[in-house]
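Quick heads-up: structures coming right below.
Note that chain A is present in both complexes that follow, paired respectively with chain B and with chain C.
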Partner chain A sequence: MSLATNPGQLPRASVNAVFATQTKKPANMGQILRWMVLFLGGILMIAPIVYMISTSLKWPHEVYNVNLIPEEPTIENYTYVLEDGRFYLWFVNSIIIALITTVSNLFFDSLVGYTLCKFRFPGRYIVFIAILSTLMIPTEMLVIPWYTMSQAFGWLDSYWGIMFPGLMTAFGTFLMKQFFESVPNDFLEAARIDGLNEFQIWWKIAMPLVKPALAALAIFVFLGNWTAFLWPLIVTNSVEMYTVPVGLSGFGDEVDVAWELIMTGAAISTIPTLIVFLIFQRFIIRGVVMAGLKG
Partner chain B sequence: MSAYKNLSIRQKQIVWAWLFLAIPVLFYVVIRFYPTGTAFVISFQEWNLLGTRTWTGLENYEKLWNDPVFWKVFRNTFAYLLLGTPVSLVISFVIAYHLDKTRFLHGFLRMLYFLPFMTSAVAMAWVWRWFYQPVPIGLFNNLLASIGIPQIEFLNSTTNALPSILAPAIWAGLGFQVIIFMAGLRAIPGSYYEAAKIDGVGWWTVLTRITLPLLKPTIVFIVVFSSIGFLRIFDHVFNMTTNNPGGPLNSTKPLVLMIYETAFSSFNMGYAAAQTVVLFLILLVVSLLQLWILKGDNT
Partner chain C sequence: MANLSLHKLTKSYGKVEVLHGIDLDIKDGEFVVFVGPSGCGKSTSLRMIAGLEDITAGEIRIGDRVVNNLEPKDRDIAMVFQNYAIYPHMTVRKNIAFGLWTSSLSKAEKAKRIEDVARILDMTDLLERKPSQLSGGQRQRVAIGRAMVRQPAVFLFDEPLSNLDAQLRTQMRLEIKKLHQQVGNTIIFVTHDQVEAMTLADRIVIMKDGHIQQVGTPEEVFYSPANTFVAQFIGAPSMNMINITGGGEEIRLKSGGSINPGKTTQDGREMLLGVRPDDLTIETDNPIVTGKVVVREPLGSETLIYVNGPDGEIVAKVPGKSGVLVGDDVKLGAAPETLHFFDTETGAALL
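So, the complex of A and B:
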């Protein structure tokens, strides 16, 4: 202790060593406590998801029992909900819409981001500011004009009607622009000398270099469209065109107090993204951080 | 083709740039800018979606100003913001702060906290709605009953319903905020902490003098991001109150739900458009104010 009170006379390494031993010993108990509390908190975080799945595996008479593990687990609810056929349709709709929107965003957002990043041309600044300014406009402001537009062109109640507002996003464009900054201009110049045209340079040289960013964007766009509710609710009106969230919302109202069926529907719409997440966990978290901080 | 070949490299670049931008520029003009203008225009008109549009000047805005439901909705919207943002900020920071110092099964713990972010708001709104049901249906009241606490009216009470709806919204966003906070914490150079250690500074001083000031950009980002989210809350409210959207007695109705009902239940397009303009202005003012407050006093 006396050494530590007068650290100025000691070489730095030994000072660190003294402090290290001082802090490490009492920390152990605290570390264990911290871990326990974090673990319990984590269990609470996933409890709603676990209860949803547990209830979807219960018979109706057992739903009101707070037991986590069903007494006689059954897949009867899943059979019932899937045999109904509508969830299957909504599932297909949601997948098609989320996939096409994702591909469109990956293509166009990176194309625009790349152009704004690597080209110098008259009008560049205006295009940049114009796209940036759309970030300030909430989609809720656009749903009324989009609806009247869809009505005028006959896009209501169609895949195109659900998809068109999200085919490109300013968020994705600026995310990609940020990442193209890290692609050295020499690479592009070398490809130009090799006789590649500008499209080939973007597609074959620049795009492979920003793969992590493309993955991050893909995750965000897919998840965003998979869970999108307001616009699909507005633009669809026949049951066959619903997406999973819109369908689930109506289904919940329809079966009213059959909570085991509602939990089954909720589980069906949640489990796919959870499985994808558990497989690509590290990758997805890294992508979320990248998109969050750079976008 | 020969005309193209005669161009200089710089001119060729201009041609390519506009070739690349042609479809996106068309998209942004038709799908973003034109509708934005239309929204403003419709807000000065009366229109029931089928009949003709008639100009009414500021009438929609006057009606809004004198509409008690609007002021109720206005207060609700800010209640979501003023409760949701600080609560989620503090909780996610505390989790991130401790999770950052934990090595054992770090990835597993992080996964537990992040998992709710991958769920859909609609599905989880229904799950939480079930939790909130009275005895013998709802999980929360069943748990309370089993330890002898009188049951709580969650969604049927004008005072409890709004926080009850807010809870799953906060819960779903926590994972994202924790991850962003941890990235911010990692970005702080270890040398600051070592210097503090050598000086024998306590953890509270380290937290308030080093960690929090250096986390400022992260905090600004999370505050702005979550504020915009809470001001635009819709999915949770709509799905947890489908039998009486925004109820009971409009006590949970946020602005976006009012817009939805005005436009697509009452087909009062002009009035709804005026509400969207108000939403736009609120989002604009709140974002600018926060950027100004949180960034301003740094200089």
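So, the complex of A and C:
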């Protein structure tokens, strides 16, 4: 919301700046309050990240001191994590899993969402409700059936085992269906007359028109899978199959958790999410604005 | 290019029948306009011809093929939509090229066709632009270009001008008419605007509530409307309707005048007398309408006057310099051959 309102207020602020030079009128209370709330929100958001980076620069004995600036900053932890071959494996595992899941979600969620949105067929509403209702089932309830399934099919301790529950999501399907509502049917009919088949209409006409939604979904899915912990922890056994979050949790020994190493790994693993976000954020902001307009 | 014929074309949504067995033959190269108020079934008919709506019953033929079960792309048609429906993420050139999606032409031939179309529509300079960089009129031209490039047997236009502002609409109307004279394809054009219908059509199909009311040239539907609906729908302002009672060969009017319908009328039979505002003139000899002017709308060369009298409110178009003022008592007459008679019950034209 703040992103949407700020640009609108910019001209007024600058007009004030021009005309208020002599009187120095204070900014109005609403503005000040808004900034304070935003500032507090910003602090809340950034604090864990700052603390994570700070901890990653500390020696083990200093980890439990709550000071932001390490007394003796060190990059020893980074050297250790990066030199430990396992971290690379986990990193690659995470990348592979997050990328494949993201691509799969973009493809299948929008395919199903499009079908539910643009085609009239008997039972369409029931299918939609059935998909939506799965949103109400918590992951904690699902991991046991998933595990039984994985065991039965021999998927334990494999990429497929880690990925299969998230290759399509009800949320993504719902999101895409809602966005396809904003694509006028005339485009699709025009394409039908031009002679495209239904798959081509979806791929060549409808998909490019919902890019903002795809970008948003890409970020959601990538982040979700990159940070996923519970299921990868359950389904993997061998250290080589761990993802970054699972692997990091195992740093340290039975008695001691090596927080400085965990934080170092976490700091490194935020880099891909930052990249994904930077690539797609232009679209996602536009997507939010667009979603607002379409109601 | 080809004839197109509709035979007992019917459309139902569930149990509701919206199109009640339309019969129509359209000749090769004809410009036919479907016109009627919203909900009359004109767009539905067009979409059924295009293949975008299922046919409940009846038959559509394009050329000598029954196309009922053909996909839109196989019907040899092209369609221009009300809101253009040009793909926003593609350049004008790509948009037009999409019209050739199914064509088996070589790349060079396709490129040449696109260039040709762009030249005819005067948008060669716009080919590399995106739709967002075009004005409404230009977008509509791209949509027409995408249809033209297919060189279809039949062009279908679904209210293509209703999103344009008044000036542009008049301009595009002219361009479409010129285009038709140039390429000579069969065109079916849907609109709710009777002026558009009159100016463009070779033949007008006037529809209401899923029935065809009348099919005819613009002159036919204007001068010989089949019923009160057509009479009042075509022409602006609408034809005045006056309740009269038959009385032999001469009918006495409330205005004190009398008219001769040209045929013996049944004594005491209720009828409607239709007279166009344009046909009413100020005259005192044998007035059809009398009353007081309540509103005056000057249009420049002409002035519309609304006259309130014993027959209700009547509109007349008088010369701009006639000097009639609000509050004046006027007597209006009309030449006998300009009068129309309708059955009060059925609305059908009499005589």
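What we mean here is this: the second predicted complex is superposed on the first by the 194 of 295 C-alpha atoms of A that agree within 3 Å, B and C clash if a C-alpha of one lies under 4 Å from a C-alpha of the other, contacts with A are read in each partner's own complex, and residues count from 1 in each chain.
The rule is simple: a residue touches a chain if its C-beta (ideal position, glycine included) is under 8 Å from a C-beta of that chain, and two chains touch if they have at least 3 such contacts.
Because the structure is a prediction, the values reported are computed rather than measured.
Participant: Is A:M168 in contact with chain B, with chain C, with both, or with neither (first, second, both, neither)?
Facilitator: Only chain B is touched by A:M168; chain C is not.
Participant: Contacts for A:P184 in the overlay, against chain B (first) and chain C (second): which applies, first, second, both or neither?
Facilitator: Only chain C is touched by A:P184; chain B is not.
Participant: Looking only at contacts as defined up top, I'd like to know whether chain B or chain C touches more of chain A.
Facilitator: Comparing touch counts on chain A for chain B and chain C gives B.
Participant: Between chain B and chain C, whom does A:M36 touch in the aligned arrangement: first, second, both, or neither?
Facilitator: neither
Participant: State whether A:I205 touches chain B only (first), chain C only (second), both chains, or neither.
Facilitator: A:I205 sits against chain C, while chain B stays out of touch.
Participant: Who does A:M45 touch here: chain B (first), chain C (second), both, or neither?
Facilitator: After superposition on chain A, A:M45 lies in contact with chain B alone.
Participant: Would you sort A:G195 into first (chain B), second (chain C), both or neither based on which partner it touches?
Facilitator: second
Participant: Overlap of the chain B and chain C footprints on chain A, residue-wise?
Facilitator: Common interface on chain A, chain B vs chain C: nothing in common.
Participant: Any idea which chain B residues touch chain A in the complex?
Facilitator: So the residues of chain B in touch with chain A come to 10, 12-14, 16-18, 20-21, 23-25, 27-28, 31-36, 38-39, 42, 49, 95, 98-99, 101-102, 104-105, 107, 109-124, 126-131, 133, 136-137, 139, 142-143, 146, 168, 171, 174-176, 179-180, 183, 194, 197-198, 221, 225, 232, 234-235, 238-239, 242-243, 256, 259-260, 263-264, 269, 272-273, 276-277, 279-280, 283-284, 287.
Participant: Could you please specify the touching residues of chain C with respect to chain A in the complex?
Facilitator: Chain C reaches chain A through residues 50-52, 71-73, 77-79, 81-83, 85-89, 98-99, 101-102, 146.
Participant: Would you mind writing out the residues of chain A in touch with chain B in their complex?
Facilitator: Checking each residue of chain A against chain B gives 7, 12, 15-16, 19, 23, 31, 34-35, 37-39, 41-43, 45-46, 48-49, 51-52, 55, 63-64, 66, 108, 111-112, 114-115, 119-124, 127, 130-131, 134, 136-138, 140-149, 151, 164-165, 167-168, 197-199, 202, 223, 226-227, 229-230, 234, 244-246, 248-249, 252-253, 257, 259, 262-263, 265-267, 269-270, 273-274, 276-278, 281-282, 285, 288-289, 292-293.
Participant: Contact residues on chain A for chain C in the complex?
Facilitator: 184, 186-187, 189-196, 205, 208-209
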